[in-house]
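Okay, so chain A shows up in both of these, paired with chain B first and chain C after.
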Partner chain A sequence: MKTKDDSNQSVKRMDRPNVASNPSTAAGTQEMTEQQKLQQQLQIFQNSLPKVSQTVYMMLLNECVPLSMAVERKHGDCTSKLDGNGDDEVSQTGEQLQKIHVSPPLDPPSHQLCRELYEADEEKHNRVLDRLRNIGFEIGNKITELLVFSNNPNLQFKDMDLLSVMKFICRDVWRQMFNKQIDNLKTNHRGTFYLFDYDYQPIQSFALDSESSEKELQMVKPFLEIAVGVIKGVLASIGHAPEDVICLASYVDRPEEKPRASFTKGVSFHVQVAM
Partner chain B sequence: MSAPAQSKSLKAIGEDTWKNKTEKVNAELFTLTYGAIVSQLCADYDRDFQKVNNHLFSMGYNIGVRLVEDFLARTALPRCENMVKTSEMISKCAFKIFLNMTPQVTNWSSEKDAFSLMLDENPLSDFVELPMDAMKQLWYSNVLSGVLKGALEMVQLDCDVWFVSDILKGDPQTELRIKLNKVLKDEVPIGED
Partner chain C sequence: MAIYSFWIFDKHCNCIFDREWTLISNSASGTINSKQTEETAKLLYGMIYSLRSVTQKLSKDDTANDVRSISIGKYRIHTYCTASGLWFVLLSDYKQPSYSHVLRYIHSHIYVKYVTHNILSPYDFAENENETRGQGFRKISNRNFISAVEAFLGPMIAQ
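What follows is the complex of A and B.
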């Protein structure tokens, strides 16, 4: 609650460091050409690294949501001694058969798990989201290392202030993970940040039409939690302990001038860092 | 005579699709993301690795059933008439397009219904070292067997897919076995035959 007040009070002082459109202006240097040259070198280096398909990566990230729900389900089963997941369609594979490499019992299909997550009670729901944030946290924690060793001329972790850390997330972390930058960053310079991503990659394939119901939006919401964890993880790796950081994701409307995307809502990450 | 020509074109399709029609992300990022998922699972199950294996498989299955659509849309390849063709499709196109690797196909069974994929460069398990207790039971890359199972099922091939050996377990190579159970029949709607 404290965060809400804080940010409202300071709305007037909000300014917009221009991260999105042009990285070199954000750095604000006069030696543009030098900077650009280094940037170009970095790009070449990045391109030379081994790659995998982005489709696969996004699917892997998104599949974490049903997976976490499946784990939650199994845990419930374990406590009530119903371990053989009796309600699975694929449970004919007896245990003796399993030894000769018949496929293991499957969890229910993803869409069903997502629905279950939506219908789960709050306690369960929160446990699943925690699990997702944990996964994100670990990714974020390590992605810093990955980026520190990338020779990016824009990065200097020595004496880095909070704003540059956030810029680092908006620009480098986001580009590494989602092939795009955060569209807009707002701050009150006192630890409150809003990161706007108007086409958050992992949910772009969930095509909702313009009259998408509240319910559908709620069902997509868990897919934002990994990014929440990533932000916290990156901050933790640069010395902002997770208990000092609050990060929440919510939907925002996309600005009018943006071209139509398949997902009608943008995402806003609200980050509050205790200073 | 036509077999080598065929396989070459499959290889070309795979490479072309990878180069020109695929958006890419850093493989290290992929590795560490997968690592985060596996370690979260291990924590959730208190290191009961059998359950972790099953969940990874199931997760892979759910990915595979959707990934196959992307694959077919990207490549527009026709149906495979036998397992030999299928194996080439998997190694030269599918693995190439999605993970940028080309596993070797070996160890054919005498009926040509089972084969092995040798994954010498597996991006899922790069830089990974398993702790002692996990080495015995955990199939770290088990998501792959799930993906293959799911994807093949969507093209009417009911298969069993499992890991035979893994470098992470101290084996000399990583071997993924695929065995065809049966070819599922195309269902004709009632009253239309």
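What follows is the complex of A and C.
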């Protein structure tokens, strides 16, 4: 999860308290040193984390989508075979076992799986999306643990309201996972939040041919579901049960002042938490 | 330094991308992934292939001995071959001796970014056995890749 760029990040993190909504701006030197001590601790923690390549991590994260599709395919195959006939099931399972061990057939390449997912009927499509949300949920559930363990001076879980939990997602979780913060957070203070990410990292280099932009948006959509799961997972780990949370991802246009990234649309996550 | 055309071949001997400029004054002129250049692509591939095999036979020791550029009466061909079997080929005039940095940049910053990292695009352009051995017809048609190549090579056409 940690990336090579993190040395720069920690440096950035050092001067964040000025920006963060810290009530004790006029704090005494004692408190500042406390804060500095925490920051030093955080830096040491960050440096001690094993570093992995950003590229490989992003590729693995993206590969979750074809993986889910492949699992869904195999699952479908198995159930249809089992439904078919029950009389010589034993010999068939034996055959299947042999097939599995001797030469497991390779799954089709990722781009074909993505196309299949796009062409799949709605029920199957939803099952794959559920799988993806579950993968994201597991990641999100655990990432809080990592960030609590990191002794981050900006986090105080004991008196965190929903807004600061969302801020925590926008700032720390996003930075940990996607190497950037959420660009914009909007709320109505009644449990509805909009999280805008105008260049969502994992999908930046995705593109089809020039003509098929609507199809492209539909094909990229499953890649947003992991992040949806992550948001739900983080909220679940902080005590908002997943059934109380609705989280949906959709595309939004980029505002004018944002520099053009290679993917045409920004992403908006709509989170609704029952209070 | 003017460049005339740019080609990519994959490990199955297929031409997966071609771009030919016809007017030096206009960087948008010419053809992209055209059917007409199919024969040219085959001839170009054959020429580089033969010269590569000659150079490999003429190398003194076992280290790889690759063709970097081929100069002909009218123009110069620059090649850059990767270990994965991709060939990046650029045709230019005589003004600049080496384009290897340009080809390396196209591979590492454009091809890898927009084709390899793009999960929606195939990474192997021969989808089945029949399309290997130079029989393939699939091309890189991904819009990011094409626009990045245009933006990068465009200014070099008429310098």
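Assume the second predicted complex is superposed on the first by the 200 of 275 C-alpha atoms of A that agree within 3 Å, B and C clash if a C-alpha of one lies under 4 Å from a C-alpha of the other, contacts with A are read in each partner's own complex, and residues count from 1 in each chain.
Everything that follows uses one rule, which is that a contact is a pair of C-beta atoms (placed from the backbone, for glycine too) under 8 Å apart; a residue touches a chain by one contact, two chains touch by 3 or more.
All values reported here derive from a predicted model rather than from experimental measurement.
**Q** Check whether A:206 is in contact with chain B, with chain C, with both or with neither, and answer first, second, both or neither.
**A** A:206 contacts chain C only, not chain B.
**Q** First (chain B), second (chain C), both or neither: which does A:219 touch?
**A** second
**Q** Which chain makes contact with more of the residues of chain A, chain B or else chain C?
**A** B
**Q** Just chain B (first), just chain C (second), both, or neither: which does A:114 touch?
**A** A:114 sits against chain C, while chain B stays out of touch.
**Q** I'd like to know which partner A:131 touches here: chain B for first, chain C for second, both or neither.
**A** After superposing on A, A:131 lies in contact with chain B but is clear of chain C.
**Q** In the overlaid three-chain picture, which partner chain does A:262 touch, first (chain B) or second (chain C), both, or neither?
**A** The answer is second: A:262 touches chain C but not chain B.
**Q** Quick one: classify A:61 as touching chain B (first), chain C (second), both or neither.
**A** A:61: touches chain B, not chain C.
**Q** One more residue to check, A:239. First (chain B), second (chain C), both or neither?
**A** Neither partner.
**Q** Under the contact rule defined above, give the chain A residues that sit at the interface with chain B and also at the interface with chain C.
**A** 55, 59, 63, 66, 109-110
**Q** List the residues on chain C that touch chain A in their complex, please.
**A** Listed in rising order, the residues of chain C that touch chain A are 113-114, 117-124, 141-146.
**Q** With touch defined as at the start, can you tell me which chain A residues reach chain B in the complex?
**A** 46, 49-57, 59-61, 63-64, 66-67, 70-71, 74-75, 101-107, 109-110, 131, 134-136, 138-139, 142-143, 146, 176-177, 179
**Q** Taking the complex as given, what residues does chain B use to touch chain A?
**A** Interface residues on chain B, with respect to chain A: 18, 22-30, 32-37, 39-41, 43-45, 51, 53-55, 57-59, 61-63, 65-67, 70, 97-100, 123, 143, 149, 160-162, 177, 179.
**Q** So in the complex, the part of chain A that touches chain C is made up of which residues?
**A** Interface residues on the chain A side: 55, 58-59, 62-63, 65-66, 109-112, 114-115, 205-210, 216, 219-220, 223, 262.
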